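Every chain is named by a letter (A, B, C, D, E and F) in the order it is written, and numbering of its residues begins at 1.
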Amino acid sequence: MSLQDPIEYEQASPIVRAIYDDIMATRRTNWVNNFWKVLAHHPDNLQRIWSNIKLVMGNGALDPLTKEMIYVAVSITNNCGYCIASHSAGARAKGMTEEQFGELLAVIGLANETNRLAVGYGVPIDEAFKLK
Amino acid sequence: MSLQDPIEYEQASPIVRAIYDDIMATRRTNWVNNFWKVLAHHPDNLQRIWSNIKLVMGNGALDPLTKEMIYVAVSITNNCGYCIASHSAGARAKGMTEEQFGELLAVIGLANETNRLAVGYGVPIDEAFKLK
Amino acid sequence: MSLQDPIEYEQASPIVRAIYDDIMATRRTNWVNNFWKVLAHHPDNLQRIWSNIKLVMGNGALDPLTKEMIYVAVSITNNCGYCIASHSAGARAKGMTEEQFGELLAVIGLANETNRLAVGYGVPIDEAFKLK
Amino acid sequence: MSLQDPIEYEQASPIVRAIYDDIMATRRTNWVNNFWKVLAHHPDNLQRIWSNIKLVMGNGALDPLTKEMIYVAVSITNNCGYCIASHSAGARAKGMTEEQFGELLAVIGLANETNRLAVGYGVPIDEAFKLK
Amino acid sequence: MSLQDPIEYEQASPIVRAIYDDIMATRRTNWVNNFWKVLAHHPDNLQRIWSNIKLVMGNGALDPLTKEMIYVAVSITNNCGYCIASHSAGARAKGMTEEQFGELLAVIGLANETNRLAVGYGVPIDEAFKLK
Amino acid sequence: MSLQDPIEYEQASPIVRAIYDDIMATRRTNWVNNFWKVLAHHPDNLQRIWSNIKLVMGNGALDPLTKEMIYVAVSITNNCGYCIASHSAGARAKGMTEEQFGELLAVIGLANETNRLAVGYGVPIDEAFKLK
C-alpha cells in the first residue's frame, strides 16, 4: 500500500531538487530511492531526516557496513518491509555476504527470543552488569 | 521486579550444574549470570536456549563484537532492560568503546524513527531493492 | 492478505445489520468500512468493539480530530497498514491539512527515536516529573 | 536502572554547557532534565537530538499541547517509562486537564486493541481509504 | 514508577465503589487489585474496561485458563511488567502448573524468534494457508 | 514482498532434503511450507530452528492446540502476516473452531489495550502478585 506517490525529480521544487542532488552526490549514485521521494511531500521532513542520516550513517567509530546491519536488525524487529529491503540492499552493496546475512538473521531472531524470556521471567540485573 | 529467584550453583540439580559448568568453561569465567540461573527453573528451557546461544553467538562470518551490538540493537528496540545491561556489558568486554556505543545508539534511534516514517507514508519498495 | 472476506449488508444477519445501521447513522454515511464487515464474522466482537469506539471516539474533553491523530500515532508505531489508512482518512475528513499530517509524522518519528535513546541509556526519571 | 550517570552543568564541557544553556533559554526554565544530561556522554547525540526537538516540537500547524499528547501516545505504545513521565509532565504544563489525560489513555488503549484486530483478521483496505 | 496512586475503597466515590463491588462479587474475592484502583481516577475508563473484561475473560468456547495464558503471551511480547505479574498469578490461580508455565514461556520465546525470521526473509504465504 | 525464493525439494542439497524429510515425517504430511524453504538458504538456521520447533511445539504439559493459539497471539501482537496465516491454519487443523478463533482475537485485542493502560498509568504491582 502506497499512501502517497513518490515525487520525481522533474516534478520537484528547487528546494527538493537540491536535496535530491545532495543525496546523489553523497552516495555517488544517479538515482534517489522512494523513501526520499515520498518524504518530499513535506520538505521539512525531507531536509531534517536527510541531514540526520548524513550525520549518523557515515564513517566513524563504527564502519558503514556494521551500521547498515544494525539498521536491518532494528527494521526486522519493527517489521518495516521497506526498511528491511532498502537496508539489506545497502548492506549487500557495502559487502555483506550471504553467510553474514544468515548469521545476522540468526542473532536478530535469537535476541528477540531471549528478550521475551528475560522479560517473562523478570530476571534481576546482575551487579556485574551495572555501570559504576 | 523479579518473578523467580535465581537458582545458585549449590542449590542446583546435577543437570543444571552441568550446564552452568559448560557456560563457565565456554566463556572462561567463574560465574554465571542471572539469566541462566532463572531459566534453571525449567531445565528444558535452560538447555535449549544455552545450546542456541552457543551455536549463534560464537565466531563465524560475523565477529562476536558485531553480534553483541546487534543484540543490543534488538534489545533496545524491544525495551528489555536486562538484555540491554547484559549485552552492553558483553560488547564492552569484547572491546566496544564509548564512542562506538554512542554511534550504536545513534543508529538504533534513527532507524526507529525512519522505520515509522516509511510505514506512515507507505513508501513503495524500489525495484532496485528487490532480489532477483 | 485478507484472512476473511467482508460480510456485505445483504448477506448479514439481522443482528449484524442493526450494528451496520447504527454505524451509518452515527457517522452520517451510507457505507460501512471493511473493518466492521470482517469483524462481523464474530458478532460478539463486532458489537463490543463498536460500542467501545462510540464511547471513546466521540466529542469530549478532546476533540475528534485530535483523537484521530492519536489513533494514527499508535497505528504507525504498531505498523498497522489498515489502521493507518482508515484513521488518516478519518483525520483528513475531520479537517487535518497536509501540513498537519507532515508535522504529525515528524512527531511520531522523533518520539520513536528518543524513546529508544531514553531506554538505551537507561535515563533515570527526574523528581520533577513524578506525580505528588 | 540507570546505565550512565547524568552529567551536571558544573561537570560539563563548554560544548555541552552551551547546549544546556540553549535548552533552558528555549524552554524558559532554569533546569535541564536527565534525558539531556545522560545524552551529554555523547555530545554528537546531544547536539543532534536537541536540534531535532527544537525543529519538531515548537509551534507550527499543530499546537505544542497536541504534539505532547502524540508523544505520550507513542511512548505508552512503546512502553518507555521515562518518556511517559516527561511528556505527560510536558502536556500537563501546557494545559492538559485530568479529563483530557483520561481520554488520551482511552484512545491509546483502544487503538492498540483495534490495531491487533485489523492485523489478526487481515482486513483489506477499502478503496475509499486509498489516496488518489 | 507509579504515576497515580491507587484509590482505596474508603476514598472512592459511590460509582467507583459499585464497580469495585462488582469486581469482587464476579471474582468471589474480597480485594481489588491496583489496576482497577488506578483506573478509578477516570471512572469512564474503569467502567468501560471492566465491562470489556467481564465480556471477554469468562467461560466460553475457550476456558478461562487458556485465556489467561494468551493474556500472558501478549503481555510478555509487549513487555508489560504489571500485566505479566497479574495474569501469571491469574493463570496459577486457575491451575497453571510450573511445567506449563515453562512451556508457555518456551512457545512465546520461539514465536518471537520465528516471527522475525519470517519477516526478515520476507517469506511468501503458502496457498494452502489462505482462507477460501 | 518476498526477499528470497523458496528452495524446492528438487533443488535442495542433501542436508536440506534430510530436514525437509524430517519435517514431513514428523508432521505426517507430504509437503513443506515456505518458511522452511526460505530458511534453507542458510542451512544452519534451517537446522537450528526446526530442531527448536520440534522440541517446543510437540505434546507436553500444554496440548498442541493451546500452543498454536499462543503462537497466534504472539504473531498478531508482532504483526507477522506469514506467522498469523500459518499458525491460524495450524490451529484450525488441530481443531480450533470459528468461535474459539473469535474469542482468541478478543483476548489478544483486549490484552493489547489493557497492557497500554497499565503502562500508561504506571500501575504498581500488588504484593499478592509477587512470587514468594
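Everything below uses one rule, namely that a contact is a pair of C-beta atoms (placed from the backbone, for glycine too) under 8 Å apart; a residue touches a chain by one contact, two chains touch by 3 or more.
Because the structure is a prediction, the values reported are computed rather than measured.
Any chain bridging subunit D and subunit F, meaning touching each of them, is among A, B, C, E; the list is complete.
By residue number, over half of the contacts seen at A-F repeat in one listed pair from D-F, B-C or B-E, namely B-E. In terms of C-beta pairs in contact, A-C outnumbers the other of B-F and A-C.
Comparing the contact residues of subunit C and subunit D by number shows a mostly shared set, over half of all numbers used being common to the two copies.
Mean C-alpha position of subunit B lies 27 Å from that of subunit D.
Each chain gets one centre point, the mean of its Cα atoms, and the points for subunit E and subunit F are 20 Å apart. The set of subunit A residues touching two or more other chains comprises 1, 3-4, 41, 44-45, 48-49, 52, 55-56, 77-81, 84-85, 88, 99, 102, 105-106, 108-110, 112-117, 119-122, 125, 130.
Interchain contacts join each chain to each other chain, per the touch definition above.
Touching subunit D in their complex are the following residues of subunit A: 1, 3-5, 44, 48, 52, 55-56, 125, 130-131.
By the touch criterion given at the top, residues 1-4, 6, 31, 33-35, 38-39, 41, 45, 49, 52-53, 55-57, 60-62, 66-67, 69-71, 73-75, 77-78, 80-83, 85-89, 97, 99-100, 102-104, 106-108, 110-126, 128-130 of subunit F touch subunit E in their complex.
Contact residues of subunit C toward subunit B in the complex are 72, 76-77, 79, 81, 84-85, 105, 108-110, 112-117, 119-122. Those residues of subunit C that touch subunit A in the shared complex are 79, 81, 84-85, 88, 98-99, 101-102, 105-106, 109.
The touching residues of subunit C, counted against subunit F in their complex, run 1, 3, 41-42, 44-45, 48-49, 78-80.
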